[in-house]
Amino acid sequence: MIEIRWHARGGQGAVTASKILASSAIREGKYAQSAPDYGAERAGAPLRSFNRVSEEPITLHCLVLHPDIVVVVDPTLLKTVPILEGTDENAILVVNTDKSPAQLREYLGVEGRKIYTVNASQIAMEELKKPLMNIPMLGALVKVIEDLVSLESVEEDIKATFGKKITQELLNANLKALDRAYREVKGE
Amino acid sequence: MAVTIIKERKMVPYSGNMAAAEALRQINPDVVAAYPITPQTEIMHFFADFVANGLVDTELMTVESEHSALSAAVGAAAAGARAMTATAGPGLALMWEILGVASGMRLPIVIAVVNRALSAPINIHGDHSDMMGARDQGCIMLFSENAEEEYDNMIQAIKIAEDERVRLPVMVGMDGFIISHSIENVSLLTDDEVREFIGTQKMMNSLLDVDNPVTHGAIAMSDSYMEFKRQQREAMMNAYKVIREVGEEFAALRGRKYEHIETYKTEDAEYILVVMGSTAGTAKYVADRLREKGEKVGIIKVRTFRPFPYYDIADAIEASNARAIGIMDRAETFGGYSGPLFEEVCTALYTRGKIYPVTGIIYGLGGRDCNINHIEEAFDVVKKKAAGIEVPPVTYLNLKA
Amino acid sequence: MKGWKDLEIGAVITNPGSSAEYKTGEWRAWRPVFQRENCIDCMICWVFCPDSSIIVEDKKVVGIDYEHCKGCGICAFECPKSKGDDESKKALVMKPEYLFREED
Amino acid sequence: MAQISNKPKFVTKDEIKVPPLKELTSLREGIAPGHRLCTGCVAGTILRQMFMAAEAAGYTLIIANATGCVEVCTSIYPHTSWKVPWIHNAFENAAATITGAEAAYKALKKKGLLPSDKKVKFVALAGDGGTYDIGFQSLSGAFERNHDFIYVCYDNEAYMNTGIQRSSATPRYASTATQPAGKVIPGKPQPKKWMPEIAAAHGIPYVAQLAPSHFNDFMKKFIKALNTKGPSYLNIFCTCPRGWRAKEEEGILISKLAVETNYWPLFEVEEGKWKINYKPKNRKPVVEFLKKQGRFKHMFKPGNEHLIEELQRDVDARWERLLKLEQL
């Protein structure tokens, strides 16, 4: 079982990204959960969302305490919320930042853990013209964790989730943002 | 969620609310009356989409309060319609008066309850205070562990409620946000399967039968009131059998049996936790981990709270090697010994003539997380109790000291 | 009254209009006495009676349902043929019930 | 596509003819005697006139009755006075209950599951407590949702069933158990809530004020409500001999005086258009109405003349407002 914790601000779409991830995994025949930590979901307020993905049925119904992966959607949260809480040396960080993984490691003063970075804000602004970093971060996450879900499943789910609600143009922009982050994410 | 009909069974990523709404769509009730309250609102959003897109024949009444929602459901059910509503926490509290009316009039209304804490302080998150507060209003109460159970329980609820031996309202509870708003795997039945399973309602004493006019809701003086209450007791006792029968029938369709309780590794268990709702899943996970370390622990999940399965619980505990039992309540009974579940489990044991060391555990109020560590802590309390080490009568889990 | 096993569930009453079995006429302190010879069948008493106790057959008032009449006196009070002091000319006259009960 | 338009519509403006009383006597009574309403309770008369109108117009009523005198007195197990389908749910929810039944009617009709094809009309029946006060929210919601039903309020101006407590329908200076006329406070200080205008403000197709003394007008309005598609509100004057400390035989007389003094004007509001149905040629002073009732007795004590004057001003102001509304 892989456990993931998302850090974002309300309005950045992290809850949706977390749902798409779970949905894509279930689409692939896996077992998955997506559980937002509701309560502070007002636009701009820091929020968390959780995922569990497994080959076996999941019975846990509680917050993720020891995430295998931490996804930081908003770089301004790096120092304001305890993003490393509950992680061990083997944890993986996927962070939206213009820094390289090495720069970020130094900036955070982190030892151990694998760090991946992607400039999701830039991708979002270029492709979506809005600071919606959720989809790019999902793209990066999919790349980083190979066995989680395939990029194709996520694309399918994005089409199913957004398909009828947004224009084709915006849908394509989302898919492009997903794909760019998938390709542009860098590890140490 | 997709507005579509289900022709083939499939696994879907659904939240508890989506699962409840899908069940509602497949049931295709005649009348649904509801009022928005967090975290139930989504059920009605999804269902309203079905109505707007012509996927159900339902008259959806968007009423001005929960009190009116259940009142309208009473009117509709007395008219012979399949009537349903959905609510949460304070909304259920506002319905309270009419819960007793619905059960007293023996109307088979199904109520989806997204379990939420009661004010004050105001809190929108999951606990069982709402249904526990309404536990003596004569409604059958089922608790769901996850989204799929919510879906399955909603479908079974119709059949249980409408059984002529029962004719009582059924509440189907799921933990607010933890289940209602979390996406999980849900295996859906086809529309045809659900409709065939529930069948068409048999109308009894319909208000619309003007050729055979009936009076519903008469005043019963002290010369007959008690007899009607005794009938309700009988109906609840019948419900105990009917819930089991419907669960068996459902198993034939679904491949998974639903019983009043679910025992998890209790056969040789020395330490047992009794729990309801979503935390049962977490508790099972912890039981597995502790078993790996050689600890003989087990879980009893209570699915049916009303009628309460006294025999099942006493049987399960008697069949185990229990040295002590922890009973976990996600609700308070202020001034009582512990929570409502505690009282019932103790009654089950006492009436069986079995005395075990028992300890009350209160957890998860207002959505407070109950994770692996807390379940382990609960087991620690149970172990202490078994060892004769003094523990407080009630332990509050995950409480800031 | 039946035992709990035999009562209709939910206190449903399936015999419409069965309150007629309950004789509210027992309550009566004053009795409307109908004098057919003075009646013009205007139906004023009938339309105002709160207890459906004016018996009309073929559009003619034929008497009072003493099993249910509570003796309120609205019929006699409203009757256009029962004004004034001369009882013999009235269609409806209110008389104390005890006069009749003693005769029983 | 399912129906989109849900606009209230008043379907008939035809002249409604109420058959002569003699003709009505051959129709079925909807309510049986043996009910336990107090001796002289005019609610009994109101119910009978309702059924006369329904029978004359060919409707079977399906009734949801709020808790109150009528409910309690007509459904004492194992007896019922009702010859039509009837339900009591609680005090404050007659409107929600009947609209639930009405929704069920629509749904079951769509599915072809209706047990009978007779012409029916759904009626919520409540006293003033169940209407002006505790049932107000449920009533307002049902009007807004535009169900096809009639809301009947028999207004006896206080909580009579529970022992004559004041309601928002109690008129100024009436003495009740909870606002008795005392040495310092002369009964209820507040004026009566003006319910018909509140009902009309919902934009429902038909609102009317009725009095059982004026039975022709009563039945005509009831038939209009029956023929209306959408919600109707009927506010009906109901003498309570016990609560008003009036003579049992004078219930109808008091109803007449209420109309003749303009205390209880007869009017109707058809699709927003106000119309006074009866304008007394020689309007009697309200004192004629008051003096028949013990609940106003203290107003006749020397030194309390101003109380009567004030109540007269309330009545005059209401009438003036009605005249203005009629001009709209």
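Each chain gets a letter, A, B, C and D, in the order it is written, and its residues are counted from 1.
Here, a residue touches a chain if its C-beta (ideal position, glycine included) is under 8 Å from a C-beta of that chain, and two chains touch if they have at least 3 such contacts.
Keep in mind it's a predicted model, so treat the numbers as computed, not measured.
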Most centrally placed chain, judged by C-alpha centres: B
Centre-to-centre distance between chain D and chain A (centres being mean Cα positions), rounded to whole Å: 63
Between chain C and chain A, distance of the C-alpha-averaged centres to the nearest whole Å: 82
Whole-Å separation of chain centres (CA-atom averages), chain B against chain D: 42
Chain A-chain B separation of Cα centroids, rounded to whole Å: 34
Shared-contact residues (touching 2 or more other chains) in chain A: none
Interface hub residues of chain D, defined as touching at least two other chains: 75-78, 80, 82-84
Chain B, residues touching no fewer than two other chains: 212-218, 220, 224
Chain pairs that touch, as defined at the top of this document: A-B, B-C, B-D, C-D
Footprint of chain B on chain C - complex, ascending: 1-5, 7, 9-14, 16
Interfacial residue positions of chain D with respect to chain C in the complex: 21-26, 29, 31-37, 39-45, 48-49, 52, 74-84, 212, 215, 241, 248-253
Contacting residues of chain B [partner chain D, same complex]: 30-31, 33, 54, 57-59, 61-65, 67-69, 71-81, 83, 97-98, 101, 200, 203, 206-221, 224
Contacting residues of chain B [partner chain A, same complex]: 2, 11-13, 39, 124-125, 145-146, 175, 177-179, 181-185, 278-279, 281-282, 284-285, 367, 369-373
Residues of chain B that touch chain C when the two form their complex: 104-107, 167, 205, 212-218, 220, 223-224, 226-228, 230-231, 234-235
